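Labels run A, B, C and D following the written order; every chain starts at residue 1.
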Amino acid sequence: MTVVRGLISLLVFPGALFALPAGWFMMWLQRKINARAQGRIGPPFFQPFFDFVKLLAKEPVVRPRLQGFLMTVLPLAAVASTLGAIALLPVFPKAGGFSGDLVLLVSLIEVGPLCAVLGGFVSRSLYGGIGASREAVLTLAYNVPFLIALFALVASAGSFSLAGVALAAAWPVRVLALIALVACIPVKLHLNPFSAASAEQEIYAGSTTEYDGPRLALWELAHALEWVALTGLVASLAFPVADAAWPVRVVVFVAVSVALVVVLSFAAASTARLKLAQTARWFLLCGSGIALSALVVAFVRL
Amino acid sequence: MSLLDSLVRTARRRSPWLFHLNAGSCNGCDIELVACLTPRYDVEQLGIRLEASPRHADIIVVSGPVTRTTLEALQTVYAQVPDPKVVVALGSCPASCNMFAGSPTVVGPLDRIIPVDVYVPGCPPRPDAIVAGIADAVAILCGDVPRPEPTHVPVVADACATGGLS
Amino acid sequence: MSPVITMGPFHPALEEPYKIDVVCEGEHVTDASIRVGFNFRAIEWLAERKNYTADIALFEHVCGICSNVHTLCLSRAIETLAGIEVPERAQYIRVVVAEAERLHSHLLWAGIACELIGFETLFMACFGLREKIMDVLEAISGNRVNYAMNRPGGVNRDIADPGAVLAAVRAIADATSKQLIPVLTTDATVRARCAGVGVLTRADAIAYGAVGPTARASGLPQDIRASAPYEAYDRLLFEVPVRQEGDVFARVVVRALEILESCRIIEQAIEQMPAGPFRGDDYPKVPAGEVCSRIEGPRGEVFYYVASDGSDTPTRVRVRTPTFANMPTARPMVLGQTFADVPLIQASLDPCYSCTDR
Amino acid sequence: MNILNIITGNVARGPQTVRFPGREAPAAAYRGSVTMDAAKCLACGICDYVCVSRAIAVTPGAASCEWTYDPGRCTYCGRCVDHCPVAAVTQAGDRGDSYARSGAQRATVTVPYPACPQCGRPAMPYNEAVLGAAFGDVSAELRERIHLCERCRRRATTAALKANFGAAAETGRSDDGR
């Protein structure tokens, strides 16, 4: 039974069948909101999907065998791990999960950026390397508040299971921790003001500079899935509706995710890009400050 | 035509990514291409994106009469763009070297170096003409319109090294 | 070992092909040098082989952004050589077009600077505003870029609808003072990227011979329009904005204030413009001799030297562009800054390598 | 937070984009591609002379003159229009669509020389305006002969010269009796 349920959550909801269109929709929504904020029409509705198909249909550049292999496997690993992370999301807190799945979720979410770092280095491009090192620094920086915030939730709920955290974390802790988590999302999604890792005007396309056609398509796919995974994580922790019927839970999950996309998009449209050091400093001071206060509140209430 | 084929065609039609290459232009065409991104013309409505890396691009937009010093980089960039690709020549300079014809440091026109598919007339073309020209290039890219027969004679590759061209 | 990162010749931050070699320790810049020459089209060589009328069209294509500056400077040189008086109306039309060009150039620059710090919304706002002045220029000259307005002895076209010019200029002044300047000066992320970045001290500005807004942002009140007025500038009131800080932020502010000053100049010029002829003689005779001419372009002082042997082609035309003077200042500015600042700092000079290479 | 004013303004106003394939018409004075009216042309070649990019070439022949124009070489500066003494050269309001082959747009206009009213041989007559511009005041006699072909004009001039010579000889004889 658990295997079937696991497969369903990996392949159907909130997994592949839901997450792919949802990820493309969120990417489109972000671009559309950005365009509207600037007074433009913006991309047509199916844009990210067509981008993906087009890239997949391009002829791959011939590369040395090992490099070509790595450049295919790394984005694939990013796609797979992000999909796994999505499958673990506690949309139905009472239905699934196992104790300690939060640790697994965090590790799976981290595989994506790690692959991006490695992918940048194996592409043997100077700018890929710079993008990768920036990505690595940023990963280090945002993970401080990210992990502290999650740990505050765990401390408050007294459980390492996602479902347990979603249901049991105390509200003051939860609010503070979620603020810290939301602040981390723009870094992972390369959104302003924390988009130093993909600063086109400085380092071309960062770690994906040398990726072409199908290999780039996989990165785009991983990116789309990251949207779902991260907004979904916040959505499922912010409004756990444990007792409602399943359609209600799905609607709440989707609605909160989309609302989060809207907020992040407007935030991105109204800011400039901070430099690497500025971003790192922000996360180590402000981001960690919020997360630490969540932790303190959690311990005080215990 | 299979379903997959038509899907790929549609995807190519609706997601052309550009790489802009300034081969010694006076900036006129370049700023008009930048103006294409702005609210009034907004090429993103056609799914067009200006890409930073030639590896991501489908359409190479070239401006300028191709100077000796940009020749090598131009050929590298052309080779870096994965197939299928289309080349758009922006304005009079890549089409004919314009007023720079006869200059000892200009090796154009562009079709002597790489095959050109679409010429957009103007000096510089208006942004709406650039958008329309790119739309014509997209029709070639996705196969709706046959690619024009190449007229270029790729002899310029080593002419620069020997200094044979003037 | 410090890696050398070469930006260019084709780089998203650079509108034009040129290379910057940046030596970095991590993200910190320890040295930098600029390599130009990618735009070298031998325009001065070509000019010695074409007649004066064709040369004016040729020098228009030195640069597509400040094209009018070059034709104006060359026309003035030919006029001085041939002893031609320019009709008063033509002088005012030249001022209007020159200032409209400064508006579009500064707005373009502001947009590019915003794009370089990743502020896309503000980039779009600047370019949206710029479209207004592009419409004005198109209505006056018949083209959005390369206006073909100047000829020795006058201008090619009259301003048919001064009311439309006034309306557009007032709209730009309004939007600049109410939207653009407040955002550029108060937005936290913009300040974080611009303030204190890429400082050029007053002493350095003098030592390197900086010109234009770059010099004015480092405390040098230097403007040919004020110090050696040409055309109708001696009859128009305007101020030369100067800042003392010398950082990127100061250069942003100087250019933003210059946008307002240009609007003021255009308004006055339109109101004062007398009726009368605006074109000179069709084929002026240029006697043998040599002459220098300089004017204030959007980027700073433009200098032309023309030598003639009395035929219909010049024997020598030499151009010194503002970027040629400003380019070396990029090195002291980027030293000790981070790699992420390099595109912004070099762009804060408003470089035009198409002008520099020719 | 002034940037939010800009954003809310943009969202409230809606997109300002011209939807593709719609296009805004250029300004009335727009300098588009160049056309030439063979009926007005004098084949003087001034458009060729002022053209910086050699987009216009004027090639005189025996009975007609070839005027070629390549939009792919044109800078659309309009100096040919400005300098044409008879307004034969004009600029259209646009520059046409994109094309697939360099040089494909090249246009040739043949300017036939009219027949000489005296001998019928094709010849391009002088134009008063051009003569005035080039040489200042044109004499009344020359004005009468500008429609003739070169050979007939030479003949007419020689005849006038001879007649004058004769007249001068006659008056001379009557004056001082030599």
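Definition applied: a contact is a pair of C-beta atoms (placed from the backbone, for glycine too) under 8 Å apart; a residue touches a chain by one contact, two chains touch by 3 or more.
Remember, predicted model here, so these are calculated numbers, not experimental data.
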| item | value |
| --- | --- |
| Farthest-lying chain, centroid of Cα atoms versus that of chain C | A |
| Pair joined by more contacting C-beta pairs (B-D or A-D) | B-D |
| Inter-centroid spacing, chain B versus chain A (mean Cα positions, whole Å) | 36 |
| Whole-Å gap separating chain A and chain D, where each centre is the average of the chain's CA atoms | 66 |
| Computed distance of Cα centres, chain C from chain A, in Å | 44 |
| Multi-partner residues of chain B (at least 2 other chains) | 38-40, 42, 45, 52, 98-99, 123, 126 |
| Contacts with two or more other chains, residues of chain D listed in rising order | 1, 3, 7, 10, 15-17, 19, 26, 52-53, 75-77 |
| Per-residue overlap in chain A, given as positions that touch at least 2 other chains | 35, 37-42, 200, 204, 269-271 |
| Touching residues (chain side chain B, partner chain A) in the complex | 7-8, 10-12, 14-15, 38-39, 42, 44-45, 47, 51-53, 55-56, 58, 80, 82-84 |
| Touch list for chain B against partner chain C, complex | 21-32, 34-35, 37-40, 50, 52, 54, 64-65, 67-70, 73, 77, 98-100, 102-106, 123-124, 126 |
| Residue ranges of chain D in contact with chain A within the complex | 1, 3-4, 7, 10-11, 13-17, 19 |
| Chain D - residues contacting chain C, complex | 1-3, 5-7, 16, 26-31, 49-53, 75-79, 82-83, 91, 133 |
| Chain A - residues contacting chain B, complex | 31, 35, 38-44, 46-47, 49-54, 57-61, 200, 204-205, 208-213, 216 |
